[in-house]
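Chain lettering (A, B, C and D) follows the sequence in which the chains are written, and residue indices restart at 1 in each chain.
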Amino acid sequence: MTEQKEIVGLTRDQMAQRCALDIHDGSYVNLGIGIPELVAGYVPEGREVIYHTENGLLGMGQPPEPGKGNPELINAGKKQVTANPGAAYFHHADSFAMIRGGHLDVCVLGALQVSQTGDLANWSTGAPGAIPSVGGAMDLIAGVKTVYVITQHTTRDGEPKLVESCTFPLTGLGVVHRIYTDLAVIDVVDGQFKVVELSPGIDVDYVQQRTGATLIPLADT
Amino acid sequence: MTEQKEIVGLTRDQMAQRCALDIHDGSYVNLGIGIPELVAGYVPEGREVIYHTENGLLGMGQPPEPGKGNPELINAGKKQVTANPGAAYFHHADSFAMIRGGHLDVCVLGALQVSQTGDLANWSTGAPGAIPSVGGAMDLIAGVKTVYVITQHTTRDGEPKLVESCTFPLTGLGVVHRIYTDLAVIDVVDGQFKVVELSPGIDVDYVQQRTGATLIPLADT
Amino acid sequence: MINKKVANVEEAVADVFDGATVMIGGFGEAGSPIELIHALIDQGATDLTVVNNNTGSGEVGLAALIKAGRVSKMICSYPRSTNSTVFPDKYRSGHTELELVPQGTLAERIRAGGAGIPAFYTPTAVGTPLGEGMEVRTFDGRQYLMAYGLTADFALLKGKTADYHGNVVYNKTARNFGPLMATAAKVTIVQAASVVSIGELDPEVIVTPGIFVKRVVAVPDPQHESTLVAAGVSYP
Amino acid sequence: MINKKVANVEEAVADVFDGATVMIGGFGEAGSPIELIHALIDQGATDLTVVNNNTGSGEVGLAALIKAGRVSKMICSYPRSTNSTVFPDKYRSGHTELELVPQGTLAERIRAGGAGIPAFYTPTAVGTPLGEGMEVRTFDGRQYLMAYGLTADFALLKGKTADYHGNVVYNKTARNFGPLMATAAKVTIVQAASVVSIGELDPEVIVTPGIFVKRVVAVPDPQHESTLVAAGVSYP
C-alpha cells in the first residue's frame, strides 16, 4: 500500500522565510500588511535590515511588550511598534520622498493579482459599493527599487492570482520583480512568468494548472 | 540776502527708518543686502518683527559682538549674525517654501531700476563680461506678499532709477508695491508711480525731474 | 509682541466658516487633534471639505465630525480602516463625496501647496484608475502624472510642545502630515500638550517654525482615539 | 552589520570619476566640506559638473577645485562673491560653463531630484532672462515656469554629528543645502566633526536619515574657509 502524497505547499511563515533569504544585508525595506510583515522575523543571521514605515519612521522595531505601547508610535497598519536604536522620525513628504525617490531597496507586498508583465492589483476588487482605499501601495510600487510579492498561489476559491492580465483595478504597471507563493518562487522576466524554485513536493505541472498564464519551467532556464 | 536752500533728501538711515514705519507688529520680514539691512535697527517701540534669512534661519538677530561670531551662523550676505530666542534653523528647500509659498509678509530690497508697472531690475546690469549672480532675489519678489524697495532716487550719475520700463535685465514682473528713496515715498498703483510722501524740503517738481516716468503728485490723490 | 497662544480650543476654532477646507493632522489616531475637532463639532461649521489620511475611527474625533454631517467632501488616501464605520454610510448615501489620492501624492500635494508650487509630476498611479483624468507626460522615457498643489483655509494639528511664537515639535509618528499641513493652510491651529516660553525650544530641533502657525492652544492631557473607541464613547 | 564609517577622506572620495556630477554642500563657507573637497583635488577626478550655491572663496575648498581646472560646469545661484576670484577667469576663458539658477529654484530642483519628481512649476524668474527657454504654463491666471529635478553622482557634505548608520545632524546655518543634496546623489558622503555609536542621536532630531547616506568620515576639527582665506592659504 503506497502512501498518498498530500500536496500542501509552504505555510505563511515559510513563504515569509523564503522571501527573507533574498533581502541583502544593509537593505532598507518596507513591508506591507499581512504575510509581508512576517518577513521581519526571518532575517538570516548576520544580516542587518532597516525597516521603513511610510507614516514616518525608519528603523521600525518589533511590536512593544504588552502594556508598553505608545499610541503615537505606530506602523502603516496603525499597529503599535517600537523604534530601534538608530531610528529616525520624519514627516510624510520626507517619507514618500524616500519611497518615490528610489531610496528604498525592497518592498514586500500582498496581491490580489499579478500579471505576467508585472502589473500588480492589490488595492481594490472593484466591487460596487466598496469603499476604495489605496494608502501608500501605489507610491511604493512606483518608487521602490525591487518589488516582491508574497501571496497564496490561488484565491480561496481556487482561482489563479498569477494571470495573463489583471482584471482587478491596477496598483501599478510592470512593477513586480518576484513572487513568493505557497507553491513556487516565480520571477517576472520579459513579460513572462519564470519558475525559479518549486516548493518541496510540488511539481511544475501542479503549479501550471493553478496559474492563469504560461510558466517558463525550471528546466528551460 | 536769502539763504540758498540746500536740497539733500533723506540719508540711508532715514530711508531705512521711514520704511520701518510701514512694517507691522508681528511681521515676518526678509531684508536684502545694503540699505535694507539697516531697517532692522529702526523697528518702532512696541513692535516685534521676526527676520528671515534665506540660508535657513528664522529669528535672525544682530551681528555678534566682535570675536564672538560663528562662521556657521551667517546671513544671506554671508556675514556673521546671531539667532534670537525663538529662532529656528531649517534647510534651503524649507526656507524657500516659506518664500515661494507666500508666508513672508514683507521683503525689502535694493534696486537698479523700478518700472511704473512694478517691474524690478536689481540683479544684473547686463554688462558684457560680468559674472551674472542672482541668489534669492527672484524667489523673494515672486513669493513674498509685499515687496518694498529702498534706493537712491537716481544713480550716482544722476540717471533716474524709477523709469517707464526697465532697461536692465529683470528680476521680476509687476512685483514692487512701494519705493522709499531719498526724495520720496512712491507707490506703484495701476501702472503708475504715485507720490505718497515727499522728503522734508523736497517738492514734487524736483522729484519729477529726476524720475523717468510721470508721477501722480500728492495733490491729485 | 508676538503671542499666538489662545485661551482654549473653542477660541482656537471660532472662525472656521461653512464651506471651509480644513486639513486635519494625524495618521490614524497618531497626531489626531481630537480636542480641536470636538471643539469644531461644537462650533457648528458645516459643508466642510476635510483633508486627512483616513476618515476617523469609532464615533469620536474626525469620525464624529463626519457623523454629525458636517463633512461634504473627504480628500484622503485610506478611508476604509478598522472601526471606520461612520464614513461608509455617508459616502454611500451621497452625503460625503470622496477624493481618493495615493498617500505619497497626497503628502506631496500638501507640501507643494504650502511651498507655492502649483503642480508637479509623479510616477505614482500611472496606468491605474486613480490616474484617470490626470495629465500624462513623459520624462526620460518614463510616464508621470501631473498633480496639483493643495491648500486649505484651516489646519488643525496636534503637536507635543509649542511656544508663543508658534514653533512646534511633534511626538514620534504623530508627526506625519502635521508639518506639511501647517504650511498649506491660511490659518494653522496647533494644540500641544505644553506651550512654553520663547527660547525653551532648541532652534536646531524645531520641526514647524512659527511662521506657519497662527494659533497655539494648550491641551495638557490629550485623549487617545483608541481609548475612547474602546470605551464606546460617542461625541458629543 | 551596517557601518558606513570609512577611515579617512581619501577613502571617502576614492571612486569619484571623471565627468561625474558632484553636489557640494554649503552656503558660502557655512557647511562647506573643505576636507572632502581637498581630498577630491588630491584624488584627481576632472571634467566635473559641480552643484553649489556659490563658487568658493580664495584658493581653498571649492575655489581650489575650480582653480585646479577640474570643474567643467558650475550649477549655482551666486558665483560672484567677495573673494571669489578664481571662477571669473575660468568662466571668461570658457573653461568652466555656468548654469545660473535662482536660489530657491536650485534648492527645489535638488529636493525634487531626490524625491523622484522629474519636474515642477515655479513662479520664480517668470519674465526674466533666467526664464528664457523654460516652458511657461498658467495656473489660476498666474504664469509659472517648469523646472526639472536635479540629481548627481556624488554629494560631499559637512555635518556636525553622524552615526554609523549615516544619520546626520547639522550645525546652525551650515545645514542649508546639505539635507537636500543628501537625497539627490547616488553616493552621499558626509564629513562630520564626530561619528557616534548607533542610538546616540535622538530619533526626533535627526535631519538626514541614514538611508540617504553612503559613507561618513570623521573630521574632528574642520577648517573654516574664512580663516584659510585670511591666512592666504592656497590649496594644495
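Going forward, a contact is a pair of C-beta atoms (placed from the backbone, for glycine too) under 8 Å apart; a residue touches a chain by one contact, two chains touch by 3 or more.
Predicted model only: the values in this text are computed from it and were never measured.
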Overlap of the subunit B and subunit C neighbour lists contains D
Taking each chain's mean CA coordinate, subunit A and subunit C are separated, in whole Å, by 30
When centres are defined as mean Cα positions, the distance from subunit A to subunit D in whole Å is 37
By the touch definition above, subunit A meets two or more other chains at residues 57, 83, 89-90, 93, 96, 99-100, 142-143
Contacts with two or more other chains occur in subunit D at residues 108, 111, 115-117, 122-123, 170, 172, 204
Contact graph of the chains (line, ring, star, complete, other): other
One finds touching chains in the pairs A-C, A-D, B-C, B-D, C-D
Subunit D partner, complex, touching residues on subunit C are 108, 112, 115-123, 137, 139-140, 142, 144, 148, 169-170, 172, 203-205
Residue set of subunit C touching subunit B in the complex reads 1-2, 111, 113-117, 163-165, 167, 183, 198-199, 201, 203-204, 206, 209-212
Residue set of subunit B touching subunit C in the complex reads 25-26, 28, 48, 50, 52, 57-59, 83, 85-90, 93-94, 96-104, 142-143
As the complex stands, subunit A meets subunit C at residues 53-57, 70-74, 78, 83, 89-93, 95-96, 99-100, 119, 124, 129-139, 142-143, 169-173
Within their complex, subunit D touches subunit B through residues 27-31, 77-82, 87-88, 91-92, 98, 100, 102-105, 107-108, 110-111, 122-130, 170-180, 207, 224-227
